[in-house]
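Common to both upcoming complexes is chain A, partnered first by chain B, then by chain C.
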Partner chain A sequence: MNNTASVVIIGGGISGCSIAYNLAKKGVKDIVVIEKKYLTSGSTGRCGAGIRMQWGTEMNCRLAKFSTEFYENANDILEYDGDIEFKQGGYLIVAATEKEDVQFRKNVALQNSLGIPTVYLTPKEAKEIIPHMDETKIISATFCQKDGHLNPFHATQAYADAAARLGVKFMKYTEVTGIKVENNKIVGVQTDKGFISAPVVVNAAGGYSKQIGDMVGADIPVYAERHQILVTEPVNPIQNPMFMSFSLNIYCQQTPHGSFIMGRGDANEPRDLRVTSSWHFLEEMAKDCCELLPLLKDIRVVRQWAGLYCMSPDRQPIYGKVDNVEGFYLATGFSGHGFMFGPVTGVVIAETILGEKSSLPIDKLGMERFAKGELLFEPSVV
Partner chain B sequence: MLEKTGVATEQDLQKAIPSKERLAKGPVAIIECFQRIPCNPCYTSCKKGAIKEFEDINDTPEINVEICNGCAVCVSNCPGLSIVVVDETYSEQEALVKIPYEFLPLPEEGSFVTGLDREGKAVCRAKVVKVLNTKAMDRTPIVSLAVPKDLSMTVRFMKLNDIYSDNTFVCRCEELTMGELRELIRKGFNTIDEIKRISRAGMGPCQGRTCRQLIMQELAAATGAKMSEMPISTFRPPVKPIKLGTIAGGADHE
Partner chain C sequence: MRIEEHPILSFNKGKKVNFVFDGKTYEGCEGEPIAAALHAAGIMVLGHSHNKQRPRGFYCAIGNCSSCLMVVNGQPNVRVCTEKLQEGMVVETQVGKGDLK
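Our next item is the complex of A and B:
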């Protein structure tokens, strides 16, 4: 193993691989990515892997637009010999309450002003896009054709392969057991395979980023919350867009492969790093799905699993440095949106580490916002 | 032409193969070494003194088959892997051919492999009777193959039963072929979890019932890892596919 590195990135998910690629592309040598299991084994490989530009704040719209445009060309940019399977079938987000309807009208105006081609739809118009939905349960909907879904394993692998070609070393099945800090500066990372001295460490550990932060005494205000998903057998394509509702608490997408993937949020889920599955989820999810999309009732569920959302106080990412530990950088707190922000994360963390001016509007996403009480408000999250 | 093809000629073999009478008496070493090279471990390793001392180290070996008892010490000592021991008294129908075998994984005792001739062509199904791999053999294990008696002078090597061609489907739900699996393993996807995620093998309706074992076997064959020590993939509920409507407990509840 390498016993020195210029940058050690903890976490082999989309964030870690994207950061590694962007740093290497900017000429940084001796980058090491440490992953406890295999690439995508954490939240990346467990997520719904949807990506949308339909957000309620200008910042999120801009960041999501950057990610979407990157993924549109990622096979070429990353020279991937596989396919990241980006299907831009759109997101149909339905409003089930008056309050949502009011918010959605504002969102569409904002999104359109930023060049995001979202349209506002009546229930009847929405039904034309997803004919098997029960439109009587909704007030309105918004639809952006450019939103979509991709294969999280291949998207991550595309980044990892490109990074490896630029010289990045990946240490799979290697666990970080400690981080050495001297005089408030990062000195290196202790792993179960040995010590790596490095002046820069990036915490991209997803659900485990709180534990990684604790290793340097940085109190990152995040917690891991279990979220569950189920997937069905593959069937012929019948649903092009992602169907999503914040108030009805559901997202449901048919992948290019044919299987339906659906999940939801639940504030009562355990916060103890557990990734086991529950029958309760299966039953509640199936009930709501059969009500809103009755046609799906005869499709068989083949598998369910769970992953960790890394929740921040305002459900927005935490990017950048921490006070008092020089060389320690955060890419965490994605609150369920780390996969879609992967391309953004790589660019902004690479720029931050190299001391460059940020090319994306992330100045409000630092740790300091919590101390100052300047939390960001995003009205459109599941 | 041995020099061009690597295959011994009939003429050469005539000199090496013992008489019928000798073969009928029990195991004997057959030295198929026909090239003059400076090499003599067969002679130095033979405790019985059956292999004659070399006058010139470049000489090809000469064996006294009447002294040789087929102990096979020379088999793993020959750097050229040119010696086998043949025992035609093994059984009524079969002869035992003891070959040096330096590949991984080693075959399992009791399993069946494919017997190969000197050109590497498959000639029979052979049972692995014994696999000897002691420290003294210095990583040249000896595999004892039971082969049809009439092939005792034909079978000189083996390959593990490769019943799966590159076109064979490993995962029938997601249509991953053995060829695609082998390519993934070559690229460094060396655990069943990684293969599952990058290829979808095991994600279909059967949930890996067929492919799980096959992938692990292939991983073992390709990497030398032991199946018993391999991490297995996660078994996820609900194990058997269930309709969404059934789970929801709707009117169509079965």
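Our next item is the complex of A and C:
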């Protein structure tokens, strides 16, 4: 193993791999990514894999747009041998309450002003996009054709392969057990395979980023929330877009393979790091799905799994430095959207570490916003 | 082909019933797996592989392997090795992964 590094990135998910690639592309040498298990073994490999630009805050819209445009060309840019399987079948987000309808009208205006081609639809128009939907359950819907989904395993591997070609070292099955800080400066990272001296550490540990933050005494205001997903047997394609409702707590899409995947979380669960599956989820998810998409009532469930959302207080990412710990950087708090923000995360964190001008104005996404109380709440999350 | 005698299992054959497979009428025993009735009628190809569309026959016989997914009474992806035959069933060869209707 390497005993020294210029940058240690903790977490081998999409964020960590994207940050490593972007730093290496800018000429940084001796980058090490530490992953407790295998690449994508945490939240990235467990996520719903949807990509959307339909957000309720300007910041999230911009981050998502940047990332979507990257994913459109990622196979070429990253010179990937495989295919990240980006399919832009759109997102149909339905409003089931008056409050949501009001919010969605605002969201569409905001999104359009930023160049995101979302349209506002009546229930009848929404049914033309997903014919097997029960449109009597909704008030309105919004649709953006450029949204879609891609394969999180391939997307992460594409970044990891490109990073490795630029010299990035990946230490898999290696657990960070401590971070050494002297005189408020990062000195290195202790792992179960030895100590690595490094002046810069990036916390891209997803559901575990709170625990990593605690190692340097940075009290990051995030917590892990279990979200669950089930997958069905495959059938011939019938649903192009992702179907989503915030108030009904559901997202459901048909993958290119033909299986449907659908998921949700439960905000009232204990805040721990469990990724076990529950029968409550299976029963409730199936019931709600069949009410909204009745055609799916006879399809069989193949299996289910769970992963962790890293929830921030305002449901927006936390990017950048931490006061009083020089060399410690955060890429966390994605609140369930770290995979879709992966490309922009890599770019802005690399720029922040190198002291360059940021491609996007992320100054409002620093951790200091919580102390100052300057929060911009994202209203549109599942 | 039908197993008439078995050293361990005994068969309580149901009454003769008619069913339709791909438009033709066949006879089987009520309550036996649909796959057994098809086999008895000489029909060995039950499904096809997704990628190369190669024929798939009777394999695991316990509803596990997805070799025998067919459309039964309009419902796709029915495992005919475990689904019991009933009078008047309409069984069809499934094209691709099956259509939800």
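Here, the second predicted complex is superposed on the first by the 382 of 382 C-alpha atoms of A that agree within 3 Å, B and C clash if a C-alpha of one lies under 4 Å from a C-alpha of the other, contacts with A are read in each partner's own complex, and residues count from 1 in each chain.
Going forward, a residue touches a chain if its C-beta (ideal position, glycine included) is under 8 Å from a C-beta of that chain, and two chains touch if they have at least 3 such contacts.
Quick caveat, the model's predicted, so the values are computed rather than measured.
In the superposition on chain A, contact is made by A:H154 with chain B only, not with chain C.
Contact with chain B, but none with chain C, is seen for A:R303 once the two complexes are overlaid on the shared chain.
Looking at the shared chain after the overlay, A:E283 reaches chain B, while chain C stays out of its contact range. One of chain B and chain C touches more residues of chain A, and that partner is B. When the shared chain is aligned, chain B comes close enough to touch A:S41, but chain C does not. Once the two complexes are overlaid on the shared chain, A:G265 sits clear of chain B and of chain C alike. In the superposition on chain A, A:L295 makes contact with chain C only, not with chain B. By the touch criterion defined above, A:E233 reaches both chain B and chain C. Once both structures are placed on chain A, chain A residues 233-234, 296, 298-300 are touched by chain B and, in the other complex, by chain C.
Residues 132, 233-236, 238, 258, 295-296, 298-300 of chain A touch chain C in their complex. On the side of chain B, the complex with chain A involves touching residues 191, 193-194, 197-198, 200, 203-205, 207, 234, 236-238, 241-245, 247-250, 252. By the touch rule above, chain C contacts chain A in their complex via residues 75-77, 96-101.
Chain contact summary for the complex, chain A toward chain B: residues 37-41, 45, 82, 153-154, 157, 231-234, 257, 277, 279, 282-283, 286-287, 289-290, 296-305.
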